[in-house]
Amino acid sequence: MHINHTFNLMKKRITATTALILSGLLYGSPVAAEPVYSTMEEFMASPEYVKFIIDNLWILLAAAMVFIMHLGFASVESGMTAAKNTVNVTYKNVFILCTGILAYAFIGFQIMYPGDFNGWFGFGGFGIGFDSADPVAFLSPAYGEDMTIWTDFIFQAMFAATAATIVSGCVTGRIKLHVFMIFGFLLVAISYPITGSWLWGGGWLDELGFYDFAGSTLVHGVGGVAGLACIILLGARKGKYGKDGSIKPILGHNIPLATVGAFLLWFGWFGFNGGSVLSANPAEVSFVFVTTAISAAAGALSAMLVTKLFINKLDATMALNGILAGLVGITAGADVISPLFAAIVGSIAGAIVVFAIIGIDKMKWDDPVGAVAVHGVCGIWGTLAVGIFVAEFSVLTQLIGVLAIYGFTFLFAFGVFAALKYTIGVRVSEEFELKGLDMAEHGVPAYPNFAGVETNGFESPELKPVMDK
Amino acid sequence: MHINHTFNLMKKRITATTALILSGLLYGSPVAAEPVYSTMEEFMASPEYVKFIIDNLWILLAAAMVFIMHLGFASVESGMTAAKNTVNVTYKNVFILCTGILAYAFIGFQIMYPGDFNGWFGFGGFGIGFDSADPVAFLSPAYGEDMTIWTDFIFQAMFAATAATIVSGCVTGRIKLHVFMIFGFLLVAISYPITGSWLWGGGWLDELGFYDFAGSTLVHGVGGVAGLACIILLGARKGKYGKDGSIKPILGHNIPLATVGAFLLWFGWFGFNGGSVLSANPAEVSFVFVTTAISAAAGALSAMLVTKLFINKLDATMALNGILAGLVGITAGADVISPLFAAIVGSIAGAIVVFAIIGIDKMKWDDPVGAVAVHGVCGIWGTLAVGIFVAEFSVLTQLIGVLAIYGFTFLFAFGVFAALKYTIGVRVSEEFELKGLDMAEHGVPAYPNFAGVETNGFESPELKPVMDK
Amino acid sequence: MHINHTFNLMKKRITATTALILSGLLYGSPVAAEPVYSTMEEFMASPEYVKFIIDNLWILLAAAMVFIMHLGFASVESGMTAAKNTVNVTYKNVFILCTGILAYAFIGFQIMYPGDFNGWFGFGGFGIGFDSADPVAFLSPAYGEDMTIWTDFIFQAMFAATAATIVSGCVTGRIKLHVFMIFGFLLVAISYPITGSWLWGGGWLDELGFYDFAGSTLVHGVGGVAGLACIILLGARKGKYGKDGSIKPILGHNIPLATVGAFLLWFGWFGFNGGSVLSANPAEVSFVFVTTAISAAAGALSAMLVTKLFINKLDATMALNGILAGLVGITAGADVISPLFAAIVGSIAGAIVVFAIIGIDKMKWDDPVGAVAVHGVCGIWGTLAVGIFVAEFSVLTQLIGVLAIYGFTFLFAFGVFAALKYTIGVRVSEEFELKGLDMAEHGVPAYPNFAGVETNGFESPELKPVMDK
């Protein structure tokens, strides 16, 4: 198995390298045939060993940074929603991160990287796939040019839970806990790795020339579109949409917490994108840091400006979503889009997210944290942007990749969630929802020492809804 | 001094290496004799220099990650306790981190690594021990194979304050501030380095074959058992235990803050365990990342499940403690326990922590954040697990190590705390306790702009105590 | 341009190296002439390439750590001020970070590093300055000994926004949002890079022998003194100073949030100072980690002690400011001041910050978070300390550097802010201020689910003002 696995891993890298050479961004990369070592001692005494240590260390550090994104998601989700559901948000986020790691370890990893397969679905076997009888095959360049199997796994595992965590934000406040658990598990263990295998596992989209560097579509798009399927079936929070068609804002209960989350996500994204170089190549990793930062900054400023111009608000939540939009937008092409174009990609993403949040609200699809807009809609934009801004890629091919992965994921998510809806039911009772899931499902409040209010604590007659015009 | 110091440092590493070879996890490690350099120029021009840079950099980064664990501890401790003591928690945590670093720099470091000593107690002298007359001896492989003396010190210093910080959580809400200051200083400056020297300093437990990779016993066990000694002498918070034997839950006042803390602890633990490899060896560090993540994830899921099955609660605090339990559990054997066994070790730790928290509560030992259960009890489990799951280690030897270190620390802590109790007194007045330490000792509230409530802010008739059946 | 740019970059490094050699701290540094490569392939196949990867990776990681300092600043600023201005704080901090990155990318970077210039002001051109026609010149040691142009830029960009973020803390609670936006942009795009070019760009202060390793003056001093100019012109928050000369404390609304911020700043400072080595040199980076940690710890303990002795308070906010004071204090000499002297530098900084905060308050300069004291006053101390504690540096030269940079920045800031004051006005209306900027400017509260109080939530008759004697 591992040889095919390696083959695919290298194929991913070679595709990326080709892209860089085509776009004129990569200047020389010694892709000579790797020597083969017969023992670990031989490898560790070789001149290549030191470079392997650095590359491997960087991917481990990047994995730790992506780990922090899960705290970012938990903080954004709880900060941007009602206080009465905060324990529930925490519980869901801990569950999905932990389930994601284990499900990916035992099932998902070898679906996503199945080795030699038909390009649509493969399964290399349960577990991570390390064979202690042949360490060189897994712990030297014989596995991956720049990392051990353990590093490869942990980096990928940190990505895997992301998609399901994004869904958590969409369905917050009214989903039954065990429904989310079942759905999240299936998404991480089955759906995410299948679509992931089409590109990163060396499948049919890789053959086609589709390019998604760190996962605008493969990770963020999957989470966003799965969330959309869920909220269509789940329905809106009580009181969100009036019978007269009015939209009532339900304010985030803790803006500094949401801010902590957004900044931690940005920090983690340096690992998400920077680690996706799959080595510590100085030119490439530093380039990716710059495009990532510039797109995030442009996304925030653009979202601030657009929100001010079009709905006349100075909206901190939109500014935070603008950061995330810029980050999602650059993720597909962080290694091939120039810094100047990164500013444009981020600016457009920052505008898109504002209109997408408003538009989704008008559809009465209740997405409490704007995750469908941030991850789903900006994921499309980011993926297409590679075709638009980099001559060597085709917008059409990018579009095919988006349609295929969004389509599959939407159908999978809709099917699973519909099955759950019409069997065990997906929604908590109205009584539970009004009371808040913390007291209703968990029996404890998140903030027992503070006096809560039904309405806004500092409310004044001038209070205007954020998204309402 | 430095030669003996180096000797012991290398011995620690060699012991670990031996363990890895025995368990079949390490494949080749060029432990050839290090060449000796006469000047720094000579060393820096040598082929070994580059590998030294990487290894040293990784340990520095790991030190920064362990630093973040102190923010994790502060956040967990304040989030899981009452709002009225939050300023006090902050103050204590800042104090103990800063005192820990300085006490370890001036006293503790050379107790823990005394050089050649009798195996029970040694002291290499005050200060870190750098001699500017002989830089090569401290800044090249002549000191440690993979790091400078400064790196060695800062990594160890970040560990040292951990034990005392754990105690901070146990005694929170009713201890006199200056009592904690005195106790914490003595624990970091004297007790922790003495027991540490028995293994990591090359002392008698090292000779015996005891194995504690990153400190399930040496760090977490020490903190947990010292905390136990304190809370036995200190007594419970007012109102915690009724005269009729009832147990009243005192809820954490800020669950998202506790969540931030737990996630930051997990993040930092990648440095705590990963840095304990003492080099950036790709196979070993990546292996440790994987076992650490898998055990943490299994710990959380197990604690969630056990809490649901046995006390029918969906308890977010228990989920967070499950993460920490899994992390403490794997710490002793993160480099020698396979990923599959790591899942088992974590699962058992997650179950243990639930029952330990309930059991300790039944003993009327009031541990507000569950630190005795998480660090003390799971520290024992993690240390024994090395003997259980890895053939080359003896459960008996592991048990001897646990008994020796827990025993010494308990006696030290109990003696010091009793002396403080019967001289200056350890407990604040009942009036101060009820009022909260923030107003009573510090004269300021932590949250002056929010209306506080004596009872739970979102309380409703259905509110049930978390731990009560 | 790039050759001059490189020249200056190397000059900075050589100056630092010279300092280290003079102070006896650096033992050998192979500053041999760099070989020149004609293609990237040639460079990547060279023996130097691997060391370049490590050095470059470390600066990228350091940049990510400095990024986290911006979350630290946002958290400290919001935690230490009133709840009613929290959305505004968030909004300002997101804006200034994002604007800082973009302004520095398009304008500031080539003002600060203009290449060969007259030593007072230069401008290398708009943009970062990468020329894709000559990659070797920008992505190999031909650019900087240890990093690519992208790495150099992103590390410097993370520093650039810091100065303006410091100002944000000073003016919080009463400044018009767009005034801060204009002022912050000009500070980052023009003033900060000009004074920065005098030393780090190889200008006249560099020629003079002024030494500021990581920016006690160039970064923190600039932010602090610019903030001072603003608050003199802006005036105090309503109710802060009574007509009878009394000083009313306005308490921070969220002490754990401020604590999170201070710890994140400390964490990030390992990258701020450690990355300023501009390579991963093990002896130097590890030395900087140790001096940084020791000074921070000493600063906190000193501030705690001084606050207790002189105003009889156990003040957590002062402890946090003591950490930051110790960090600012060691920043100018983190690579040349011994650990023992670092303890002294930090202790003095911790005392200075307490008296400076009190003194500034007595001047009726209202600095809500103490940023002028922390960054401005301790920045002076740290810069002079290099001259005091390290024989090879002159106190007089250090003083000249401080006067020049503080003077220029004060005049720039005062001029710009006065121009804004007497044209568009800098202060929100009294009505807006009393209501809070969140409702008044943004139309949403930061904590809509909590009951707010005008006075202190846990207020009791014993409540005493923090700074009042």
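Order of writing sets the labels: A, B and C. Residues in every chain begin at 1.
By definition in this document, a contact is a pair of C-beta atoms (placed from the backbone, for glycine too) under 8 Å apart; a residue touches a chain by one contact, two chains touch by 3 or more.
Being a predicted model, the structure only gives us computed values, none of them experimental.
K.L.:
For copies subunit A and subunit B, work out whether under half or over half of the interface numbers are shared, and give different or same accordingly.
P.N.:
different
K.L.:
How big is the rotation, 0 to 180°, that puts the C-alpha atoms of subunit A on those of subunit C, in steps of 5?
P.N.:
120
K.L.:
Could you give the separation in Å between the centres of subunit A and subunit B, each centre being the mean of its C-alpha atoms?
P.N.:
32
K.L.:
Two or more other chains in contact with one residue: find those residues in subunit B.
P.N.:
Within subunit B, the residues that touch at least two other chains are 50, 54, 57, 61, 83-84, 254, 260, 447, 450-452.
K.L.:
For the complex, give me every residue of subunit A touching subunit B.
P.N.:
39-45, 49-50, 52-54, 56-57, 60-61, 63-64, 67-68, 70-71, 74-75, 78-79, 83-84, 86-88, 90-91, 93-95, 97-99, 101-102, 105, 127-128, 132, 135-136, 139, 147-151, 153-154, 157, 177, 254, 257, 260, 435-436, 438-452
K.L.:
Spell out the part of subunit A that touches subunit C in their complex, as residue ranges.
P.N.:
Residues 24-25, 27-30, 50-51, 54-55, 58, 61, 65, 82-84, 251-256, 259-260, 262-264, 266-267, 270-271, 274, 280-283, 285-287, 289-290, 293-294, 296-298, 300-301, 304, 313-317, 319-320, 323, 339-340, 343, 447, 450-453, 455-460, 462-464, 466 of subunit A touch subunit C in their complex.
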